[in-house]
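All chains are identified by letter, namely A, B, C and D, in their written order; residue positions are counted from 1 within each chain.
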Amino acid sequence: MYQEIILDHYRTPHGAGLREPFDAESFQINPTCGDEITLRVKLDGDTVSDVSYETLGCSISQASASVLTDLVVGRSIEDSMRVLTAFQEMAQGRGQVEPDEDVLGDGVAFAGVARYPARVKCALLGWMAFKDAVVRTAQTQDAAQTQATRDPEEAQP
Amino acid sequence: MTTIEGLDVQKVRADFPILTRTVREGRPLVYLDSGATSQRPRQVLDAERAFLEQHNAAVHRGAHQLAEEATDAYESARARIAAFIGAGPGEVVFTKNATEGINLVAYAMSNSSIRTGLGPESERFALGPGDEIVITELEHHANLVPWQELCRRTGATLRWYSITDEGRVDLDSIELTERTKVVAFAHQSNVLGTILPVAELVRRARAVGALVLLDACQSVPHMPVDLGELDVDFAVFSGHKMLGPSGVGVLYGRAELLAAMPPFLTGGSMIELVRMEHTTYSAPPQRFEAGVPMTSQAVGLGAAVEYINDIGIDVIHAHEIALVRQAVDGLAAVPGVRIIGPQDLTDRGGAVAFVVDGVHAHDVGQVLDDRGVAVRVGHHCAWPLHRRFGVAATVRASFHVYNTPDEVAALVEGVQAAREFFGVVS
Amino acid sequence: MTTIEGLDVQKVRADFPILTRTVREGRPLVYLDSGATSQRPRQVLDAERAFLEQHNAAVHRGAHQLAEEATDAYESARARIAAFIGAGPGEVVFTKNATEGINLVAYAMSNSSIRTGLGPESERFALGPGDEIVITELEHHANLVPWQELCRRTGATLRWYSITDEGRVDLDSIELTERTKVVAFAHQSNVLGTILPVAELVRRARAVGALVLLDACQSVPHMPVDLGELDVDFAVFSGHKMLGPSGVGVLYGRAELLAAMPPFLTGGSMIELVRMEHTTYSAPPQRFEAGVPMTSQAVGLGAAVEYINDIGIDVIHAHEIALVRQAVDGLAAVPGVRIIGPQDLTDRGGAVAFVVDGVHAHDVGQVLDDRGVAVRVGHHCAWPLHRRFGVAATVRASFHVYNTPDEVAALVEGVQAAREFFGVVS
Amino acid sequence: MYQEIILDHYRTPHGAGLREPFDAESFQINPTCGDEITLRVKLDGDTVSDVSYETLGCSISQASASVLTDLVVGRSIEDSMRVLTAFQEMAQGRGQVEPDEDVLGDGVAFAGVARYPARVKCALLGWMAFKDAVVRTAQTQDAAQTQATRDPEEAQP
């Protein structure tokens, strides 16, 4: 399970820390172990321009968040959601799903996690936070637009 | 007696170790009390033991290999049971028995009725004075008393459909109203054998926006039941009546309803985030499974479903109906025997209750017991129904896949013997 | 390591089939997660199977021979379990687990608080705004969330004793008042291993007339407990943590209190007289056992008690304490390991929780699992306690009679290996 | 179990039917089967002068009530309670208690019932009603006496 790639990301996480500005933030928790992540997303039009995060968690969840930033920053929302789906399928695939390195890059290192069901949630924690934050950016934008037409003063994210 | 195609009863009987024992000084056991609890085949006992000898651990809690295997076994059992009743795995909540399942819904409703700290999604489960819960007069105490208590707690009113002399629900006896919040009824009466008109009762409940709870204790073990197709909101049944372990039952709830319903039992494994000041809850089905669950029993119930599937639930049903036919005809031919419940086999399943003129049910049961025939006597947890028929107690024979025509014949002979013994032979 | 007189651990281990299996590519299983759930000896599996193959029937319902035998087996198990904990048989209520037991008391109290239709005897269980329930900050979620929910339902207030840095209850942190109605606490922490000062907490509760509930989940399976002597009002524990089956637990209640308390789950077997309009309830313990119970599981728990008695609960306790001593000393000697909980063995039992600097508990657990050592990682259903100690998760090793000094050594080595693997060796 | 004596009492019950006058009445029910008995006791000073009853029950409960009247009518309360205790001990004795015919008379026929635990309640139903009724006569008399010293008009049983 502990591929060298995972340990590398764990020891030197990419994109760690919470940064401003951001469009939406998500807080996720793993109820079985109490691990937490706070993750922020900044969009530039349709492109993910930054992902920043703070985690309290194991090597798997930290490395996974690090790989996530590598894979989604600079991509369109649509593309990043495609990566997310591929990662999730692999992680929940119980070792039966062959991962595509072209799509998942360093993410393929997590294929082994799929054989440890109790750790799948760790690998997915950051991804769930990312998904949630993206949904929130959409909501905030909608809300902002709706608000804007009515009362610009209240339109704070 | 017709032989049911594809069923070798002797082969089936060989799977049930208890059926080879004798009672009362050497008489072969004739077990006609499966309506109270069924017996377990070797396959179910073996599955539970194999789990305990190889994979036992706390589920949904550990990260070690045993814990993973145990969680897997537990969740696979849930998926298999869900498929058996036409439900999604997320719609199957494990309870200790059917009784807990009904109480779960009733308490979730009274919990919803205390609105402090709850979201708007639980509002549809809230009750108050003027609201009504509707059941029928033939219900098992398990589908009566929890509703009486819910009414006591919320001020709602309990109403019920009465029962005709033939043992059918009198659909004209009451009308549902806009204040009817729940309609709860048995799929099959555990005394009369009557199968209730589910579709019609669901239609009426839907027309007034009431929730429907089906007590499937006497149907799921004996005939094909697709809860999705029946379109009920909740349903309950017990493992021990379907060749599975005691200590495990199922509450089925439509996914959307379980998602909106507040919890009942609280504690470990059903939480999302716990602080001393406040707790949030996980998604169903976990939200309704507090504490370490009946793990090996769920696995055993999964094995029971597999056993039933291997024989075929329709084959089991046909076999039982043939036994009911024989029992009803045989008993009705004994002078002084009155069958309580439909003699007509339309919409009727496998429980045959009766009284013998001049011989109390307890005495009939005793004579039968002395001959090795195990039946149930009393009110079978349906006291109001017995009062409705003007009897304190009945004798009830009930069947499962392992019963034979010879056993039914032994029942009829035993009843005749009881009449002779108590000198009421005409 | 001292050998405990009268205990042949290898002989004991031979009774537990699962202990011979291997995990993760051929490594012998080192099971150090008995605090979550224990394993079952052959004797318990055999007792349950013998019951099911020879005596299985619905209890307290039938009049035939099997029903009599089943009732006998069930009630004998109750009597044996009662004797084991210094209680009368009428004071032992079977529940599905300890969690249900605590919920039972909490719901009986909110049921009492709705006074409609109740007699004056239930008044002592009634709660309202201004009343207080007191627990501690180290409780398992099972002894926290049901009280939060009871407070939500009744308007009462939850308060708690805080925990000192040493992992002891800070008896000065709060004062009980005349409004304190319940004081509920663990006998032994499932994380820290701390044994709580029962006598002192009971004394304080009595002084203000509060009821005392003891969560004995981690004490009854591991050390001699006489509930009568401890003078608590209620206590709970689970079968699966004491070498017995899952799906069965016990609520102990003082006879006089059970007699006055209204029911929780309602349905069959707990009634006296049922009419559609109104139902009266039977005496305890039946009043609190609605529906067909976990029959074979109660029998299995009776066999577990017999198994424990044959070894001697004091022998088991001494053995576990020796293992705790070895684990605490061994782990404390590993650089970067911090034990959460008392290192002093006074008033301390067998759960050893710790963190490793620079290595997350999940990762420690994974390295151990890969070596065949099964421990639990996470918050162990005591999230507020973890927050109190500023950690999200700990590693917990816990023991039972079948564990050996070699296994504790494997734990300590595994922790060292985890540090090496994650490169935090100093 | 079905001794000839039991069947005789069942077929020709002694003292059946409800009679007036009486000092107290008890209604008892067996929750497992729904069997019922209503039993009345008339005292003459310290002596049981009549026991009358109506049962809805099995042969065992009917015969037991019949035997009860034989055994207690004409005896002192104290004596009848002694018989009751002996009967109860035998019935709950699981076949281990040797009944004393001098005390129990026809009651010894119920020794066999002790081996059928589910029927023990049937055999005891009438006896429990008798015990309860006797307790009630004592209460009514106490109440009557207390009342009498205060307000003779309200002193109705």
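Operating definition for what follows: a residue touches a chain if its C-beta (ideal position, glycine included) is under 8 Å from a C-beta of that chain, and two chains touch if they have at least 3 such contacts.
Protein names from UniProt, one per chain: B, C = Cysteine desulfurase.
Predicted model, so just to flag it, every value in this text is computed and none were measured.
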- Any chance you could name the chains that touch chain B (Cysteine desulfurase) and chain C (Cysteine desulfurase) both? A, D
- Item | Distance from the mean Cα position of chain D to that of chain B (Cysteine desulfurase), given in whole angstrom | 39
- List the centre-to-centre spacing of chain C (Cysteine desulfurase) and chain D in whole Å, with centres computed as mean CA coordinates. 46
- Task: Can you check how far apart chain A and chain D are, centre to centre, with Cα atoms defining each centre and the answer in Å?
- Result: 78
- Message: Where in chain C (Cysteine desulfurase) do residues touch at least two different other chains?
- Response: 61-63, 67, 271, 273, 362, 366, 377-378, 383
- Of all residues in chain D, the ones touching two or more other chains: 32-33, 116, 119
- Message: Tell me the shape of the graph of touching chains, choosing from line, ring, star, complete and other.
- Response: other
- Determine which chains touch and list them pairwise. A-B, A-C, B-C, B-D, C-D
- Item | chain A residues within the chain B (Cysteine desulfurase) interface of the complex | 29, 31-33, 116-119
- In the complex of these two chains, what residues of chain C (Cysteine desulfurase) are touching chain A? 360-363, 366, 370, 377-379, 383, 386, 392-393, 421-423
- Interface with chain C (Cysteine desulfurase), chain A side, in the complex: residues 1-2, 7, 11, 32-36, 56-60, 116, 119, 122
- Task: Using the touch definition up top, name the residues of chain B (Cysteine desulfurase) that touch chain C (Cysteine desulfurase) in the complex.
- Result: 17-18, 21, 23-24, 29, 31, 33, 36-37, 39-40, 45, 49, 52-58, 61-67, 96-100, 102-103, 107, 111, 114, 116-117, 137, 140-146, 148-149, 152-153, 155, 158, 160, 238, 240, 245-248, 263, 265-269, 271, 273-276, 278-279, 290-297, 362, 365-366, 368-369, 373-378, 381, 383-384, 387
- Item | Sites on chain B (Cysteine desulfurase) touched by chain A in the complex | 60-63, 67-68, 71-72, 271-273, 282
